[in-house]
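Quick notes on the structure that follows.
As written, the chain order gives the labels A, B, C, D, E and F, with residue 1 at the start of each chain.
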Amino acid sequence: MASASSSTPPFHRLLLTGAAGGLGRVLRPRLRRHCQRLRLSDRADLGSAADGEELQPAALEDRAAMRELLREVDAVVHLGGIAVEAAWEPIQAANITGVYHLYEAARLNGVRRIVFASSNHVVGFYRQHEVIDALAPPRPDTLYGVSKAFGENLSRMYFERYGIETVCLRIGSSTPAPENRRMLATWLSHDDLERLVLAALTAPNAGHSIVYGLSDNRTRWWDNRLAAHIGYRPQDSSEPWRAEIEATQPVPDPDDPTRLYHGGVFVELGPYD
Amino acid sequence: MASASSSTPPFHRLLLTGAAGGLGRVLRPRLRRHCQRLRLSDRADLGSAADGEELQPAALEDRAAMRELLREVDAVVHLGGIAVEAAWEPIQAANITGVYHLYEAARLNGVRRIVFASSNHVVGFYRQHEVIDALAPPRPDTLYGVSKAFGENLSRMYFERYGIETVCLRIGSSTPAPENRRMLATWLSHDDLERLVLAALTAPNAGHSIVYGLSDNRTRWWDNRLAAHIGYRPQDSSEPWRAEIEATQPVPDPDDPTRLYHGGVFVELGPYD
Amino acid sequence: MASASSSTPPFHRLLLTGAAGGLGRVLRPRLRRHCQRLRLSDRADLGSAADGEELQPAALEDRAAMRELLREVDAVVHLGGIAVEAAWEPIQAANITGVYHLYEAARLNGVRRIVFASSNHVVGFYRQHEVIDALAPPRPDTLYGVSKAFGENLSRMYFERYGIETVCLRIGSSTPAPENRRMLATWLSHDDLERLVLAALTAPNAGHSIVYGLSDNRTRWWDNRLAAHIGYRPQDSSEPWRAEIEATQPVPDPDDPTRLYHGGVFVELGPYD
Amino acid sequence: MASASSSTPPFHRLLLTGAAGGLGRVLRPRLRRHCQRLRLSDRADLGSAADGEELQPAALEDRAAMRELLREVDAVVHLGGIAVEAAWEPIQAANITGVYHLYEAARLNGVRRIVFASSNHVVGFYRQHEVIDALAPPRPDTLYGVSKAFGENLSRMYFERYGIETVCLRIGSSTPAPENRRMLATWLSHDDLERLVLAALTAPNAGHSIVYGLSDNRTRWWDNRLAAHIGYRPQDSSEPWRAEIEATQPVPDPDDPTRLYHGGVFVELGPYD
Amino acid sequence: MASASSSTPPFHRLLLTGAAGGLGRVLRPRLRRHCQRLRLSDRADLGSAADGEELQPAALEDRAAMRELLREVDAVVHLGGIAVEAAWEPIQAANITGVYHLYEAARLNGVRRIVFASSNHVVGFYRQHEVIDALAPPRPDTLYGVSKAFGENLSRMYFERYGIETVCLRIGSSTPAPENRRMLATWLSHDDLERLVLAALTAPNAGHSIVYGLSDNRTRWWDNRLAAHIGYRPQDSSEPWRAEIEATQPVPDPDDPTRLYHGGVFVELGPYD
Amino acid sequence: MASASSSTPPFHRLLLTGAAGGLGRVLRPRLRRHCQRLRLSDRADLGSAADGEELQPAALEDRAAMRELLREVDAVVHLGGIAVEAAWEPIQAANITGVYHLYEAARLNGVRRIVFASSNHVVGFYRQHEVIDALAPPRPDTLYGVSKAFGENLSRMYFERYGIETVCLRIGSSTPAPENRRMLATWLSHDDLERLVLAALTAPNAGHSIVYGLSDNRTRWWDNRLAAHIGYRPQDSSEPWRAEIEATQPVPDPDDPTRLYHGGVFVELGPYD
């Protein structure tokens, strides 16, 4: 549980996109505690609305629907779009045009803060023995990674022009537990994911920031020194899973990408077109 | 005239996209001298083919046509696409999907080198008293600038994955002569443009590089120190035009963007949608 | 309570200037425990001397008095001078000429270590989404900030020339408790202030160092990585006050300096002349 | 002669302070060509006014006189003050309080650009085998150097608060000819001094900048890469004097400060109080 | 005790060189727990083999013996050689030629990971108020320090050429307890030494890395930020010893090397030839 | 011809080692002009002594002979040793032990300046699209490159301890003319070699410096910005040879090391043992 709490939730209405996806389902009940109303959107089925929830499905490709979606919203947690490597057309539609629609909708509706789910695949071609911070130039590993770099650059422009603040979360691997050797470094627990998203939503001055999304893992490649203003402090670690993973999973070959690159197997995925 | 010359042109077939545009028309006769055949493409009328020219119009949005366009090509000079701020749809179609089609075509046809016309608008929000080099994080000023940053990141991925080399030219203002006070810093003469493109085409090892495109102007904001391997040495300067421009054009107000930002007036253009 | 302790206090005689001021009154009883004699000075009333205390009022503007003040002193904690924005004359007299008198007195008396209360207002014009370390160039926000930068530079010169070591403490906001949203980042608890001053007094090799003075707050803008040799480890945090402050104090407007700049409202104070 | 020239001088009225000093006498006739009226000030005798000159003596310590001095002035070249190491009181009066008066006068009179004669003695304690740029932290060698660092910081504050632009010229050694071995590196010819001052006066966007003032000497320690926006291009060099100086002047001892430090003998001057 | 543990030791056979030396005797029983067989080597007497140990004495200068020594070894912890300043010939034989033999033997036997005991004396001439990371250029203080820098460079070459991974441990002072004031900063507890060596042995991707070997001491000069991928987390500190050391050991003179330099007294040792 | 000249040569006695080697024969007559006596050493035949020359053959492995060799010498140009990849024993004897003997001899004879022929093979594993300066960490490509890195580190230690200044010249390819495509970037003309060596010999304060040895070639990978104090200004270029080389020599394959790495084919040479 994150530390920022008070009797009155700090937000009137939050919007969570991609609410039916893997991380969306994790955050849905957690964000609910930090706002009076939580608007949820996805192209997949959202089930029924709980108390204080508003369901407002919208396709990222639908400009008008996106404009409606952001109406009277304080802040957005944007998990929507495609979160794996895929063919160009869906990546383009959801992660490029969709993100453009999101920011235009924010501009037109006066939304001032967006938490943008970027990805470690923006820097996936760095080697695992290279420790990088937010200033490392992008080295995307996939069309997916390139599309997330697009979102980082587009949001930078909306910050400089219109003052819309964005925290780009370069999320590692957020799952219930680390599942393999690479995730011992990249894992982000669900509780730490919540801490990270809340820190990004509530940081007094977020500007346009890049934060790596990982727990306090013993081995890691990402340095959040330049994001201290966001105030994310992970409290979990992959370490308790290490012994079992190392005992049961074979050591990858020396040239296996899961042991060479930040982005792991993504550097070899595709092309899918 | 650039210095690399020999009796046999170094390239068998070069492709020039955007050949009917402003810089395309400048480079068309100049590139002709450095290859046995020059393939030209544009969506606008290319006139008739000169000796050694091949006209092959192709829309950047047309994947199949792009794949044909790069067949049996040694290298590409990609000027195609939109070179000003515009509405999202055309920017997206030409500068994002179009560039993706270009790189897929290169991959499928085995093309090993692309000279990509990027833009100073990738870094347009830096202040004119900030001198930056190729490592400065992008601060795009427009959708156009964001689309060019997309091309830089996409080409980085094609270099890391497939070894396709790209030189990204962050072109300032390439016109017959500098036309205003800002262009005294950003001007790239047509002869220096040719030198720059040739250097990018012929550098022995280009990797994935970013080079600023400006002449040897007395006042400037861009430092090409990290691109010394490309071997671009400008020989022109805006200085001969300075006296006349300063005598005839009013000094902009202190908060006029043409005097504040690398990107000049672009920081205020649009939105056009 | 700080960790360095032993039966015999490590210092024979410490001098605390500004001992009647806000932080001076905090440190007076605390420093007493770390020396055999504590000399106290201020232009304001110091009350009566406790056991082991020596009261020796001296005006910073009075060169001869300052020379006397530093006689037979092991080390100095210099809190004296003006600690807010003010008109030029008093700033100049106390924080510029006064600091010069202090260092001349140290040189003439053979004092080898000074802990100098500098201020975050030396870097007050950085944005709150910029995390800086000790190498960030000064961007003072006031005459006060400029006067503290003067002290940092003067003490650098006395270190290079005469080997007098100085630790410049760029103190954030040292109060009993954080009082507003900005202080959630800048707060330095009184216990951590003591830890910081003791670390600066006792570091084996202080050279000429710059340390930011803040507690272990969750959100912060200052990186003390380069001051690890000083050995300051904060043990307090503003976090317990966050909920109440965020619940009771309105969110500042987006262009309110208390939410934009390291220096907060100081960027708008004055001029007072 | 500098390159910026036109039939109409670019400035209506320039102010040159310290006009009776060594560099002031050099610049007096040269600046005259670049403005319609040249106002001259010094505490020493200025002789009689040439055509287009205005003599307006003012002591830097005299706030009211300084305010009058900057009335209806386009820009200031501030050479006034003390240019060598001296006792504290005169340094303080002229280079600290005097510079404060200058900037207050600029603020109150709406002057937008100041060229401030700083000094290499701001960084005098660097070793001569260390090549530094404008980001190197100050290491002043004297009270004089500290006072120049004060001017750099004060002018930074006036830029951030009020938009008054300043170019700080860290001048090396500007004399008719280099006079000793150290000056082979630090020499700034009088013609290059003029080029430098004009570049600083006319740079379209000067912001707050630091430029080292040296000619194109073969051996040097200062890197002006970060000041390319100012557009200073030296055209002279100390090299023609090298052979004679090396033939006639003894090699200094290895521990002689003139061969060790950027600031040369200044690191050993004083104290004079 | 280090955190990585499982029922099956992660290594089949580890080699520990220098096993009869000070740190070798510390690590001998500890490494035994992390492998099925521990091969031990030294030129000094190794006593008798415990269960699971293999004694295989070999002189570093003996190429053939070294090649035998690394046969069927998973990884090496190389403590062998001379660990103090000494005359050239022994340093050269053991730390230069010996290390070359070690890497050739690794190459020929297919060993993929070496933990190399480097030393803080590679950077011994930095001042104790300078905090450095792994990118700081070497400033060795002795022939010993130069020989360790040789090992770092040689192993870099074997990594780039042959993919043999090396973690260079720039060990501070590993003793049962800190013994003097300098060691309050440089101390590495024996338990932390074990953690460090295990982290270096088991890091999934070690590449060629440099890690400083120190405990979590309050005052320190070394920043391991760039080695986060190794996953070393110290759990001890010199702090409990501080009070007694400071109470019983005199403060060194200001120009005593033990208080000035990272390398302490080493900067004055020798020459011994 | 280099620019530093005067009627009296600046040096009484220079020592040139490796005088019978390729570059030694080039420098032998050229250095003769800059000293009253030129002492020459090599293990190969030096022919007969010209006027002002002293022949004093000495093996680098012979400590006593080396000590004699440096007697009454003002400065040394050390080209001696092995300049290609070779087996360990000769590399070790000449380039490691030999360099140690050289510096011990310098220390014992009071020699204050050594120009050390290092090599680009110290950084041979950088890619040709990476532009590096003197702070780039070593990435040696061969035993030869490692041995040159040893010399750089050893000389650093002699500078810090004993004040013996060394300029390390990381020479590219010094031949009468560039011979292949890689040498278009790495070429150092014989005249520029002389300029470089003279600059290194005569720089007023050389400290311990690293300078890349290349002519003013259009394409290059090495940035001498940090060596401006040495005063090396190349006046030649490989450009006149480019057209012929590019016309007559085939383009290497994309994975040919001569087109990938700074060190070219060296990354694949050996092992020779």
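Please note the rule applied: a residue touches a chain if its C-beta (ideal position, glycine included) is under 8 Å from a C-beta of that chain, and two chains touch if they have at least 3 such contacts.
For each chain, UniProt lists the protein as follows: A, B, C, D, E, F = NAD(P)-dependent oxidoreductase.
Model, not experiment: these values are computed from the prediction.
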item	value
Chains in simultaneous contact with subunit B and subunit F	D
Chain copies touching (subunit B, subunit D) - same or different residues, decided at half shared	different
Between subunit E and subunit D, distance of the C-alpha-averaged centres to the nearest whole Å	52
Centre distance in Å when subunit D and subunit F are each reduced to the mean of their C-alpha atoms	40
Centre-of-Cα separation between subunit B and subunit A, whole angstrom	33
Interface hub residues of subunit D, defined as touching at least two other chains	225
Interchain contacts, given as pairs of chains that touch	A-B, A-C, A-E, B-D, B-F, C-D, C-E, D-F, E-F
Subunit F to subunit D touching residues, read off their complex	3-8, 10, 112, 163, 199, 202-209, 225-231, 233
Subunit B residues within the subunit D interface of the complex	127-131, 181-182, 184-185, 218-223, 225, 239, 242-244, 246-247, 254, 259-260
Contacting residues of subunit E [partner subunit F, same complex]	88, 92, 96-97, 100, 104, 107, 125, 135, 137-143, 145-146, 149-150, 153-154, 156-157, 160-161, 267, 271, 273
